[in-house]
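Just so it is clear, A, B, C and D label the chains in written order, and each chain counts residues from 1 on its own.
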Amino acid sequence: MFLRVARMEAFSDGVFAIAITLLVLEIAIPPGFEGHLLRGVLSQWPSYLAYIVSFATIGAIWLGHNTITHYMHGANTAFLRLNLALLLLVSFLPFPTKLLAENLGSRDDEKVAATIYGITLLGAMLLLSLLWLQALRANLVHPDTGDEEIKLLTARLRPSLAIYVALLVVGWFTPFVAVIGYLVVAFFLIFPIRLRRRQKAEPAVS
Amino acid sequence: MFLRVARMEAFSDGVFAIAITLLVLEIAIPPGFEGHLLRGVLSQWPSYLAYIVSFATIGAIWLGHNTITHYMHGANTAFLRLNLALLLLVSFLPFPTKLLAENLGSRDDEKVAATIYGITLLGAMLLLSLLWLQALRANLVHPDTGDEEIKLLTARLRPSLAIYVALLVVGWFTPFVAVIGYLVVAFFLIFPIRLRRRQKAEPAVS
Amino acid sequence: MFLRVARMEAFSDGVFAIAITLLVLEIAIPPGFEGHLLRGVLSQWPSYLAYIVSFATIGAIWLGHNTITHYMHGANTAFLRLNLALLLLVSFLPFPTKLLAENLGSRDDEKVAATIYGITLLGAMLLLSLLWLQALRANLVHPDTGDEEIKLLTARLRPSLAIYVALLVVGWFTPFVAVIGYLVVAFFLIFPIRLRRRQKAEPAVS
Amino acid sequence: MFLRVARMEAFSDGVFAIAITLLVLEIAIPPGFEGHLLRGVLSQWPSYLAYIVSFATIGAIWLGHNTITHYMHGANTAFLRLNLALLLLVSFLPFPTKLLAENLGSRDDEKVAATIYGITLLGAMLLLSLLWLQALRANLVHPDTGDEEIKLLTARLRPSLAIYVALLVVGWFTPFVAVIGYLVVAFFLIFPIRLRRRQKAEPAVS
């Protein structure tokens, strides 16, 4: 009754790819801009911002997920259930993204929208960290994985949780700053990988 | 004219991943909550409940499907047609989920919505059981699969059908209780796998 | 600059899976049935019929596509362009399906809807046949494929084109009968595979 | 922390397949054509045109992406980040497509829509070219890839950028001509592959 890593990856990739693509469906120009399309397009900046933040975050989570499963030589069911919980949040993300896009700029509601959005991101990142912990504890990681590599991934996942909590607090006072913060965190999660790779000159084997 | 298990899995995974992700598109805050977004978000609890129940059920069906095809060394066309019928119901599920989300709490219609929802779940679980029966009868299962493993999967699939029928009856009188019941069944279908794995210490090979 | 069969299959499976799953998004109960949900659900029978016909047809095309690529040991670019044209029609199908669902039963428009729907199905089936012809002509088929197997697939694909043309004519006079006809053809395309397999007792190797 | 080419392909194929399929969701007949469905269907020609141009362009990008990754024996993270940026634009494309479909024919807004559409296409093609440059510079390409093959792909990608810039200018004066131009470029990107293949008689190995 065990599950192969390959099919879990295929199913997860499907959910990641769909969630990242569905985000665009919520973007639309409201009526009232006939003959002034450029103004209408520009008026939707919160939608584009929310789109990019969510896209970058799902991209970062996909990269992290990819890295974790790459080190694994098998899956147990605790891992699979945690993975389902992560996918639940990832596929839910288009809804908080829509809330954010619709309410950024409206004084009363943007705090609520930014907080719900931030909680969803925090939850997803927490589950990604738990997936990594589970892989380590249950010996799902290849025995020949270097200690340095394990430490590096651990060191990268942990601080992002603290930053998300801090941004949640910031978001209650200045939602816009928090959203920019979420974007920066997502880029931070994609960039360090690059920093590390610089050390290795040769490309990875496919 | 035979079909490989791998491509059937890829196509099925695609449908599972999309159906599980499309569920979120139906969630939206109706107009009239401007300036009271939190209240608006909370008012949509039936949507979140329906989302989670459908997500958990599709997740459980995916796990079961994964287990069945894992034991198989080939597919016949009766299996493939049953599989198409299962995918028909899985990809249809967003509609009953929407009906449930929109009508939970409205006295007159919630019975109907819960019943249609329950029938769809029952049908999907029935087809999953038929897939397993077909795999066993047509000798599609690897010869070296242990009898114990076969019995265990059979024992897990059968009682869920009886529970779904019972919940259908319950749902006619107290729809909300039935919906919670569907959630519990989905968790029950995900959990026993874990109980069984505890016996095996070593992780599965990828 | 050649393309692997595997990635073409993966991309095609993605499009098939999404097109087959998006069909459900168009199903909704119109306003005015509050307190009479069952009546509202029943009133949408054209949607369910159109859903099932389109699902069965895409399922049949997927089975045929699967069979064709199974026999192939490589792809050329003429094949890939034909394949893109097939995917264009398959991913377009949700639109004619919506037209059919909305207009079945309305005297004036159902002929037009049924004709557009039928032309799309005919086009898709024609492209599937052209894919098979291209595979045969360009020697993309495995040399050790039996002549009998090739004849059988050819014999199955050709008559369906004639039937689709006949149903197009029928659909101009009695659209409902044509739609039932499209459903029967889809089942006919799924069933013969089974008839043939009966001859081979052993299951296919995965 | 390196990534396999296979999983990057799977994730990218998912995004390509979904973006290409979501395009159809925006096509709908506006109210007011009851009893005149054919006229209603014909009135939506800008939607079909935009659908076909976007489908052909994503198809061409997919073919190019497929060709690039086919030559690669591994990925580095700079490549993966560029790939995420490409996917960002591809999954964003349904929005400019919708803008184009809604505004083609309306004097005031079609310039703006055609320009936004063209910029998105130019950006996607630019990123595809950068992916190829990155693969060449970072030695991600198989050492045994022929120089001629590398030159040919380079020669095909570069001129399309100049043509897109030219069409952007054209689009500001005669949007419709530019849109037809985008369609021709997409076909041009799909056709040359065929011209080249003619030279090799034998089909590619799967």
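Definition applied: contacts are C-beta pairs under 8 Å (C-beta built on N, C-alpha and C of every residue); 3 or more make two chains touch, one makes a residue touch a chain.
This structure is a prediction, so every number in the text was calculated from the model and none was measured.
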Going from subunit A to subunit D via touching chains takes a minimum number of steps equal to 1
Interface of copies subunit B and subunit C: same or different residues on the two sides (over or under half shared)? different
Of all chains, the one whose CA centroid lies most distant from that of subunit B is D
Superposing the Cα trace of subunit A on that of its twin subunit B calls for a rotation in degrees, to the nearest 5, of 90
Per the C-alpha means, the centres of subunit B and subunit C lie apart by a whole-Å value of 26
Here the gap between subunit A and subunit C, centre to centre from mean Cα coordinates and rounded to Å, is 36
Each of the following residues of subunit D touches two or more other chains, namely 10, 14, 17-18, 22, 25
In the complex, subunit C touches subunit B at residues 9-10, 13-14, 16-18, 20-25, 27-29, 34-38, 41, 51-52, 55-56, 59, 62-63, 66-67, 70, 149, 152-153, 190, 193-194, 196-197, 200, 203-206
So, in the complex, the side of subunit B touching subunit C is made of residues 1-7, 10-11, 14-15, 17-19, 22, 25, 72-78, 80-81, 84, 87-88, 91-95, 98-99, 103, 106, 108-109, 112-113, 116, 138-140
